[in-house]
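The chains carry the letters A, B and C, assigned in the order they are written, with residues numbered from 1 in each.
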Amino acid sequence: MAASRIVPVLLATLALALWPLAAGSYGIDFVTKTMIYAVLALSLELLVGTTGLVCFGQAALFGLAGYAVVQLSPADAPASLFWLLPASMAVAAAYALFMGALSLRTRGVYFIMVTLAFAQMAYYVVHDTPLGGGTDGIYLALKPVAEIGSTVLLDLGEPLALYYFVLGALALVFVFLALLLRSPFGRALAGIRINEQRMRATGFSTYPYKLAAFVISGAIAGLGGFLFAVKDGYVNPELLSWHISGSVLVMIILGGIGHLRGAVLGAFAFALLQEFFKSEALFGDFAKHWLLGLGLTIIVSVALLPRGLIGIGALLTNRLRRRVEGTL
Amino acid sequence: MSAPRAGLHPTRPPGGEAGPVAEPHVPETDVLLRASKVTRRFGGVIAVNGVSLELRRGTVHAVIGTNGAGKSTLINILSGELDASGGSVELRGTDITRWSQPQRARAGIGRSYQRTTIFPVFTVLENCRLAAQAGYQRPWAWWTDAAACHVCVPAARDAVARAGLAELQDRPAGTLSHGQRRQLEIAMCLATGPEVLLLDEPLAGMGAEETERMLALLNELKAGHAIALVEHDMDAVFRIADRITVMVNGAVLASDTPQAVQANAEVQAAYLGGSE
Amino acid sequence: MDLATFLIQCLNSLQYGLLLFLVASGLTLIFGIMGVINLAHGSFYMIGAYMAYALAPFVASTLGGGFFATLTLGLVLAVLLGYVLEWAFFSFLYGREHLQQVLMTYGLILVFEELRSILVGDDVHGVPPPAWLAGAIPLGELMTYPVYRLFISAVCLSVALLMWFVLTRTRLGMKIRAGATNREMVQSLGVDIKLLYRIVFAAGVALAVLAGMVAAPVSSVYPGMGNQVLIICFVVVVIGGIGSIRGALLAALLIGFTETFGTVLFPHAAGVLVYVLMALILLWKPDGLFRAG
């Protein structure tokens, strides 16, 4: 990445690291939740932005991992983070393998519809079968800890500890994806997005690449689900609802498709928009109809800003650069 | 997934034919791609009807015919994009009829398209580098930088240079002119180090100067490759082809040296005569 | 399961499947002809149901009409709504990437849901069927079957026949079918494509609204009904093949039977069965059962 891109990212990370000093408990909770959504958005960016697979079922992978956290945690003692985290990511990755293997047999619009349908399938599994807890959801009795021997290194029940853990996870995912995207695998995915036929004619078997992207994306979404379940200590079927899938898509298009920073930016922009429209201070009684404002914003921003907020940034820097070059 | 192919820099001597005179007995080892009685049906329509074809190293084999004669379908079957309804395709003696397109590409069949299929947002060099990566895929190496690949980058530079695009290699491919894009299309084919080249109308939409450049390139490439060429530009075909197959309604009308085809009365009646 | 119960479930399956077909046919037509994936299609179904609830008293008091008057008014409003929506919103979606269409129509769902919430509230409502359709016919010795459900099936079948007639026997239908298989060709033949699109869209909306209105007495009127039906419609379209009316009918009936008998035989797995069916068909035919046409 060029210096002009690394610097804002480092500044943002620093700002996030310092945020708890300035914010109260609500602020910490809000940013923790938003960072978790950013992890989810990054997972979708790998599928949509890099590989060109518009998946409308990301919530299933997110939610299934969350349910795995609760179902796999013993009732009497906190589980160890060291196995619970990979286990819940593995559950998400497994469903992503199933979902991807079948969905990738379809193309274009079919793919969008099929991923939505498979997510709905997972929704019904947690809603109707004993694997879930029905409409009411299930509670996590004790949050996992990271302990070696009898020393507790990290207690995720502590809001501040959880905040920095989530920040660390977000940073790790970001760096991992940045590396992945410039690797041979990542370049192949980009080629598949731009012209899959040409990739096949050149000698790439594209199905395994797409399936691998799906599974990796699922694992990262699972990480988000783990963090979410640990944060709230509670999961319910709405975590797998297509509203979540839709919201994540909105996040990445809002921030700017095709950029990792866009996914993170979009998550924060979306979270702030939600807070804005829900604010009773601004809208009084009408605030309960906040979905109206959100819906209109989605329509307008997709129509007018197809390249997202990053696109605006690029537009402005281009204008600035042209003006500077013009005067030299 | 595999070691870089030895064929990235072909240095074999030209095949047994010194010029456009067909020898009645050509060593079998020179036949790289053989199609035997290939047929393709779409519902009730027979698009390709029992076509047999041989591609030999060091030769250009042109396939001509009117629109709808089945030429592109034939190429699609040879490259693996379409399944054959009947008949077989062999590469260096191995039956590849059931092989997928990526498999065939990795085995040494390169293909260019009538409608340009480059990657417009990548640079010219990156286009070729990604193509070369097909022969040296290492998808597990997630920490490495693809742009620093010590196998793909030299292969790409070589392909770009051979296609005459060296000065443009850092330009986004989308900014190239039409003729340059067609050159890039060929370069991408070359980057994978194929032995067989299936070229679908490489001269389409080109002006006189660009056509000359492309023909010169094809002449250069002849030495190490077996080239199949679908073309409508008759002047170019007769200049460069060592063998011509004429297709009508999916079947082969004639398959011979250019002179013999030109003299063939049936071909003249059905096809040649100035118009396409 | 005795014969009478089996017969009842068959009739239920038929009714549910035909209703699904009505909604799904609009969705598949709109996508097949205009290339627009419309997530808000389920909202039209919801609007239809709420119209049946909200318009009935209005129609009764001002026009003195009953059920059919309400239906007619609802249909007229639906066509108007479709016409205006196409002109004001959907015409901007043609030619856009699928992702953009998905998100813009997703935003539209949110807008529709909230508008409904503001105008009519969030309560669940029952809608009584008209008196002369409220009875039941005997089936065997012990069971009866509601006449209204038979009425629903009859309406859907009639509309299906009407659709078949228009699509195969009229000039308009020919243009529509041509548009479903080759959009550019139809345009280059000089057909007024804008008008064609508007008509098709309005028809699609009307189909979904009619389905909602007719289904209201049986399914009740509740906020989430649009989204629920939408996703099942997606499954219908995936199984049946995009742009294919025949496929939509077959798939809708298949799903109707699967879901109805599934709920009776495997209550815990009922919600999942339809998706298992879809997965199996995808393994076998990734492009759906039929091509467009």
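Just so it is clear, a residue touches a chain if its C-beta (ideal position, glycine included) is under 8 Å from a C-beta of that chain, and two chains touch if they have at least 3 such contacts.
None of these values were measured; they are calculated from a predicted model.
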Per Cα centroids, the chain farthest from chain C: B
Innermost chain by mean C-alpha position: A
Centroid distance [mean C-alpha coordinates] between chain B and chain A, Å: 44
Between chain C and chain A, distance of the C-alpha-averaged centres to the nearest whole Å: 33
Averaged-CA centre spacing for the pair chain C and chain B, given as whole angstrom: 50
Where chain A touches two or more other chains, by residue: none
Interface residues, chain A side, partner chain C - complex: 48, 54, 56, 102-103, 105-106, 108-110, 112-114, 116-118, 120-121, 124-125, 127-130, 242, 246, 249-250, 253, 257, 289, 291-292, 294-299, 302-303, 306
Interfacial residue positions of chain B with respect to chain A in the complex: 79, 81, 100-103, 105-106, 111, 113, 117-122, 130-131, 133-135, 137-147, 149, 188, 192
Residue ranges of chain A in contact with chain B within the complex: 176, 179-180, 182-188, 191, 194-195, 197-206, 209, 212
For the chain C and chain A complex, residues of the former touching the latter: 31, 37, 92, 98-100, 102-104, 106-111, 113-115, 117-118, 227, 231, 234-235, 237-238, 242, 268-272, 275-276, 278-279, 282-283, 286-288
